[in-house]
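Lettered A, B, C, D, E and F in written order, each chain numbered from 1.
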Amino acid sequence: MTGTPGAPPAAQPIRLAHLDAHSYRDWAATEHSTVILPAGAFEQHGPHLPLGTDALLSSAIAEAVGARTGAKVAEPLSYGYKSQQKSGGGNHLPGTVSLDAAALIAQARCIMAGFLRQGVRNLVVLNGHYENYQFLYEAADLALEEVRAGQGASHGAGPDPTVLLLSYWDYVSEDTLATVYPEGFPGWDIEHGGVLETSLMLHLRPELVDMDRAVSHPAAELPRFDRLPVVASRTPDTGCLSAPDGSTAERGRLLYEQVAADLAADLTAELGLPA
Amino acid sequence: MTGTPGAPPAAQPIRLAHLDAHSYRDWAATEHSTVILPAGAFEQHGPHLPLGTDALLSSAIAEAVGARTGAKVAEPLSYGYKSQQKSGGGNHLPGTVSLDAAALIAQARCIMAGFLRQGVRNLVVLNGHYENYQFLYEAADLALEEVRAGQGASHGAGPDPTVLLLSYWDYVSEDTLATVYPEGFPGWDIEHGGVLETSLMLHLRPELVDMDRAVSHPAAELPRFDRLPVVASRTPDTGCLSAPDGSTAERGRLLYEQVAADLAADLTAELGLPA
Amino acid sequence: MTGTPGAPPAAQPIRLAHLDAHSYRDWAATEHSTVILPAGAFEQHGPHLPLGTDALLSSAIAEAVGARTGAKVAEPLSYGYKSQQKSGGGNHLPGTVSLDAAALIAQARCIMAGFLRQGVRNLVVLNGHYENYQFLYEAADLALEEVRAGQGASHGAGPDPTVLLLSYWDYVSEDTLATVYPEGFPGWDIEHGGVLETSLMLHLRPELVDMDRAVSHPAAELPRFDRLPVVASRTPDTGCLSAPDGSTAERGRLLYEQVAADLAADLTAELGLPA
Amino acid sequence: MTGTPGAPPAAQPIRLAHLDAHSYRDWAATEHSTVILPAGAFEQHGPHLPLGTDALLSSAIAEAVGARTGAKVAEPLSYGYKSQQKSGGGNHLPGTVSLDAAALIAQARCIMAGFLRQGVRNLVVLNGHYENYQFLYEAADLALEEVRAGQGASHGAGPDPTVLLLSYWDYVSEDTLATVYPEGFPGWDIEHGGVLETSLMLHLRPELVDMDRAVSHPAAELPRFDRLPVVASRTPDTGCLSAPDGSTAERGRLLYEQVAADLAADLTAELGLPA
Amino acid sequence: MTGTPGAPPAAQPIRLAHLDAHSYRDWAATEHSTVILPAGAFEQHGPHLPLGTDALLSSAIAEAVGARTGAKVAEPLSYGYKSQQKSGGGNHLPGTVSLDAAALIAQARCIMAGFLRQGVRNLVVLNGHYENYQFLYEAADLALEEVRAGQGASHGAGPDPTVLLLSYWDYVSEDTLATVYPEGFPGWDIEHGGVLETSLMLHLRPELVDMDRAVSHPAAELPRFDRLPVVASRTPDTGCLSAPDGSTAERGRLLYEQVAADLAADLTAELGLPA
Amino acid sequence: MTGTPGAPPAAQPIRLAHLDAHSYRDWAATEHSTVILPAGAFEQHGPHLPLGTDALLSSAIAEAVGARTGAKVAEPLSYGYKSQQKSGGGNHLPGTVSLDAAALIAQARCIMAGFLRQGVRNLVVLNGHYENYQFLYEAADLALEEVRAGQGASHGAGPDPTVLLLSYWDYVSEDTLATVYPEGFPGWDIEHGGVLETSLMLHLRPELVDMDRAVSHPAAELPRFDRLPVVASRTPDTGCLSAPDGSTAERGRLLYEQVAADLAADLTAELGLPA
């Protein structure tokens, strides 16, 4: 798997789960070792997309960034925070299995602290589920505090490691948006099961998309507040907040390539990675 | 992906993450809907096996059981409880990134409660990392309590769902052991990076195993107590507690087929699944 | 204080902390009893605004909504979630004293569950600190679950109470934005210590604003990721993410009146309050 | 608000929430910077006193102490621990909205640690709700431990800051008691909605007291144990444990002045504040 | 041990830990089954008393009450909340090993809920360590809430069980005080290692007391506040807050007999136990 | 009790709860100070053994080891983790009162950290309840981390203390097994209320055993999985997983002496105690 000594580093897998521990040890000790932790969800995405869409997409983009930067990709957070009606249709819908805040924070905190304790220089959390963001932020803050507190006694006191946290859609450019949504972009919050996710999946995992089951309907019109318990009728019957009309693999390819390139460039600049 | 109505059920993916939400909803409502949740770890397994071995193996066995029983497989718990020296070499070793007890319990509890609330009839937790077991038990107990408490008010009061918890190696038969370990079985606790895991990986994911890096050494001799902090020298340099000498894909195939068959038979009988 | 029997209800204070318990009991039992819980923070807002700005503003808007709808206003959450650099300058800045996620969720959960258990029909959480939102959502979800679980046994089983959660700036209209920001709106995230908050404070609490200390500087240019630990130099020296240039009490009055009116109208419609 | 440079310090507000961040920063760095954190409750106090009585009183006394010592007053803990029947009538009474132990400890711990991390030299927690005390003690202990653990790595290692914790009634002198309760003092535990609190409120916030609604009744006779669930009939119908008969603004003034003076003197001596 | 059927009930042990499970089951189902849970601490009590004093005393008094009422005694909470300087000398002193609030609450909650779920009618928590009280109260409140929430679904819905919580010294009568402290009672808070505890131990466990090591010194004079970190010099060198001068086994016997009798009478009346 | 200076150390009690604080302080400061913390449960053990069996046995063995090594014995953990059907018959059985994972971990963590902070050199956790083990491991790991984090600031930085964790039955030798179970050893997991525990109790606490109530029945045949909720009929009516047939005080004596001797020897070697 990991090749014989002397083999080019490209032979190493990008996914850390596929790397052996001794190769990992050597790699983690290098100056620019960077781990990308994709975060997703297990959440309904309508009748045409699979339940694992968010983790599949964030993992795929993470791997593309890894290929461009030398970063490696950790196993994704496959379960995410509760789906909210305004961004995901609602946690009451069949197929959605979520973590509460405490569980998500605890899990992400342990994983982040684990990598940071082992000398990894940079950790990039690449989020693919809207509702996760703030809880991942808390986890990162607690993990850094925990690692610093532990360093006083038993760990070497190197420079503070760096954590970056981002959602991949914040890297979609205006140009790309104009191409993907020729009739105008409806907003990220209702991009649930819509053109972005469907196009990306058509490009990356077409065997998991069934456009025959896709349903055309107007975008959901949701209030400015969150209401609990939800008024279920505000979510379209499909569970999608906007319809996937106009999704194509080609648009998915454009999204994927542009985001991966810009994200890789941003990380390279921010973290001082070798170009 | 999920086929047109009337298509044979075999067309449906076994992994829930690949299923769409509407198909999931219909399936979950069936009389015998059974979800298998594989549990693994992100843990060093020596120089010849990948870090993700435990989750890869428990997932693969879960899929084999699913193919035999109609159960579906949830996304695995990819990170597990801290590696203990007596069963995994120790949590201090590079490559091992673990959850603490609270994080593992919270994560598993939310996921289990999520499936049980949606009407899934049976949940089988299939463990592949020795140290996880008791924490998964606690999670199952808390999840059932939580689901019951919630049912009084807002949920329908159907029959209690069932949770089964097991480690796959408890299904290895005496006959299989005799074949795989012709010179005598050393015990499950030091089966870390040894013949069982290596053979299974050689059968299931040979591209992730590098037998050229495997090292032969005597099995670790560990005391009857756990000591913290660990005396690092008690773990062999490879990180394996016993050497993979004698591992073959054929032995892996035997282990895999026998365990999957017996486990499927046991679940079928216990849960009253259609034969 | 609360007047003699027969006195007009207008005599009752809008702030619950100023109401006596017996009057509260009678009011809470009415058909449309609605509590507004303002959420703020204790956070630096530059050299010209006070540390308590967020709670002062959310409380003032809550009282204005209460005056229009008959809702009453609970004591605010005076401390909020950690200030993030991209929306508040960063938690490292002097004057900022924050709650972590667990503390904020626990506090808000107890308070919400407390009101809901006492028969209050509607609870509106009115947020005034960007970073709070997701944690307040989690608190609301847990509080409703807790109240429902408890109702099975010892509490009467009336209809489920309703919780609404919103941030007040989501009610600023396009027209108001155009008036307040004649040169273009920079975005809510960097509206920290800027024109919106400063104008509102000049209208509502002018004695707590010192425009002589206000500093003009370009808006912060922040990356698309959160970085931890923060690069402190990305926050302007003032601690404001955009300068308060152009803030006036008149613009504050416009913001205040328009938001209160639209928010009151929205709540009245959503909750079926008497017009 | 905060005045121009050179203006006398008396111009600075005593309440930290009214201070700007830059003035706060300069003040916190001074040798004797002392923050008083008032703790109250949101709790029924009978038909004649408002629900916010405890926080109103502890805040008012804190401000009086601040005026005498140069200490500044943080935003109060407006919600407190569950009302116990023996000291507050019981948590079941309408109007009482409480925190559980975990929420109160977490909230107070974060706030205390926040001030201590910023270099404030002394933190005085001034309690006004009987049931809070032990939980505030735990919060203080945990906050100090947390701040110390964090100091090893990333914070400067100055002298340990000091936390004082007290309930204001412990500063009522024998002389004052004799004047306020000419017929004998009934004990602090049943001083709930009685002469002390009513007199203080008549002095400090007369517009929030309605003596026309005050009811005369014998003091509650409560057992030596706490019983749960409470026997509701042991609490007088008013919710007060003793009647406010004999309350006057003049007695309130005496209590207020004497307590503030003695408390200020005690803090000055203990903390070495400038006289 | 448990005797043959027909044997008089006096043959049953008072300590539940000495009872077999089948006898327990039959006893718990009786109409007045009452469990007493003693709470203590592991805490320094000066040079003349053992570290386990608090649990030894509360257990002994519990057994005396059991002998008078038919109640049975559970295994004590042998570790208690952190020793506070004003009531126990301080948690920094050698020999004191304490639980934090979360641990004490969690432990006591589980134990209380466990007995209540099994149909025990009354649970009496008999406290012997001053600092424990509020945390035991929280545990009792949470345990009752948990048991009620669980009853909706899977448990029978009998009448609510009753929990009483008390500290044994609240049952020392005025007469006893006058006899034990002929020169005046110094107050319960500084009764740490003093006449009460020493006399009781001399009566109950004389082999564990070494009066030759007892030291005479003035009672500690402690401020009205708690200070953290403690000023260690405020605690006398012995660790006792008042000296054991005048302690005798006879005074211990008086205390023990009077408290047990009055407590038994109070419980009998309150719980409707057979006289 | 503790004798006069110069008295032989044998005069000191082995149980720490019986030692005074000053003697403890001196002892803890010695080079080899070792505390044994016994862990048990409050759990049904059939009709012939008392509920406290597990703590009684682990405490007795701890004292025997202490007598041989100079270690001292802390108060036991009298309540343990939930009884599992496969090792204890199930948590649903009358008489069993258990801690959940969080409570057990929190309690054990505080106690361990308490001893370690006070300079005790070695802490040995001696487990007597199968289900406790992993939770005690987590507690030990967290306690060490906590003590290390705290040492950076306020504690002296001596060598790391050592924690050992073990279950006493892992020290039963093959020879002893052959003698105690002449017809073959059935396995530790179903040794619940069986020959091992009954024999030990007959040797150590015969007055608490009633062999007249012992019932002969075949050993339980339990599946390879844990099922929740349990199928109650899988546990024999007695609550024992194997019958106590063949238990004798003599076998108990053999078990006790052999285990204590081997355990003492192992600790002496591992911890470098004086022989």
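The rule is short, and it goes like this: contacts are C-beta pairs under 8 Å (C-beta built on N, C-alpha and C of every residue); 3 or more make two chains touch, one makes a residue touch a chain.
A quick note: this is a predicted structure, and the numbers were derived from the prediction, not measured.
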Note to self: By that same contact rule, can you tell me which chains touch chain A and chain E alike?
What the structure shows: B, C, D, F
Next item on the list: Kindly list the shared contact partners of chain A and chain C, in label order.
Entry: B, D
Check: What's the chain with its C-alpha centre farthest out from chain D?
Finding: B
Next item on the list: Averaging each chain's C-alpha atoms to get its centre, pick out the one most distant from chain E.
Entry: A
Notebook entry, point to check: Per the centroid of Cα atoms for each chain, what is the distance between chain A and chain B, given in Å?
Noted result: 25
Notebook entry, point to check: Could you state the distance in Å from the CA-based centre of chain B to that of chain D?
Noted result: 54
Next item on the list: Would you kindly tell me how far, in whole Å, the mean C-alpha position of chain F lies from that of chain A?
Entry: 46
Note to self: Two-or-more-chain contact residues of chain F, please, as numbers and ranges.
What the structure shows: 100, 102, 149, 152-153, 160
Notebook entry, point to check: Which of the chains touch, listed as pairs?
Noted result: A-B, A-C, A-D, A-F, B-C, B-E, B-F, C-D, C-E, D-E, D-F, E-F
Notebook entry, point to check: For the complex, which residues does chain C have touching chain E?
Noted result: 149-150, 152-154
Check: Which of the residues in chain A end up touching chain B in this complex?
Finding: 1-4, 13, 15-25, 28, 42, 44-52, 55-56, 74-76, 78-79, 93-100, 102-103, 106-107, 109-111, 114-115, 118, 207-210, 212-213, 239
Margin query: List the residues on chain E that touch chain D in their complex, please.
Written below: 81-82, 84, 91, 100-102, 105, 131, 133-135, 137-138, 140-142, 144, 160, 162-166, 170-171, 223-229, 266, 270
Next item on the list: Could you please specify the touching residues of chain D with respect to chain F in the complex?
Entry: 145, 148-149, 151-153, 157, 160
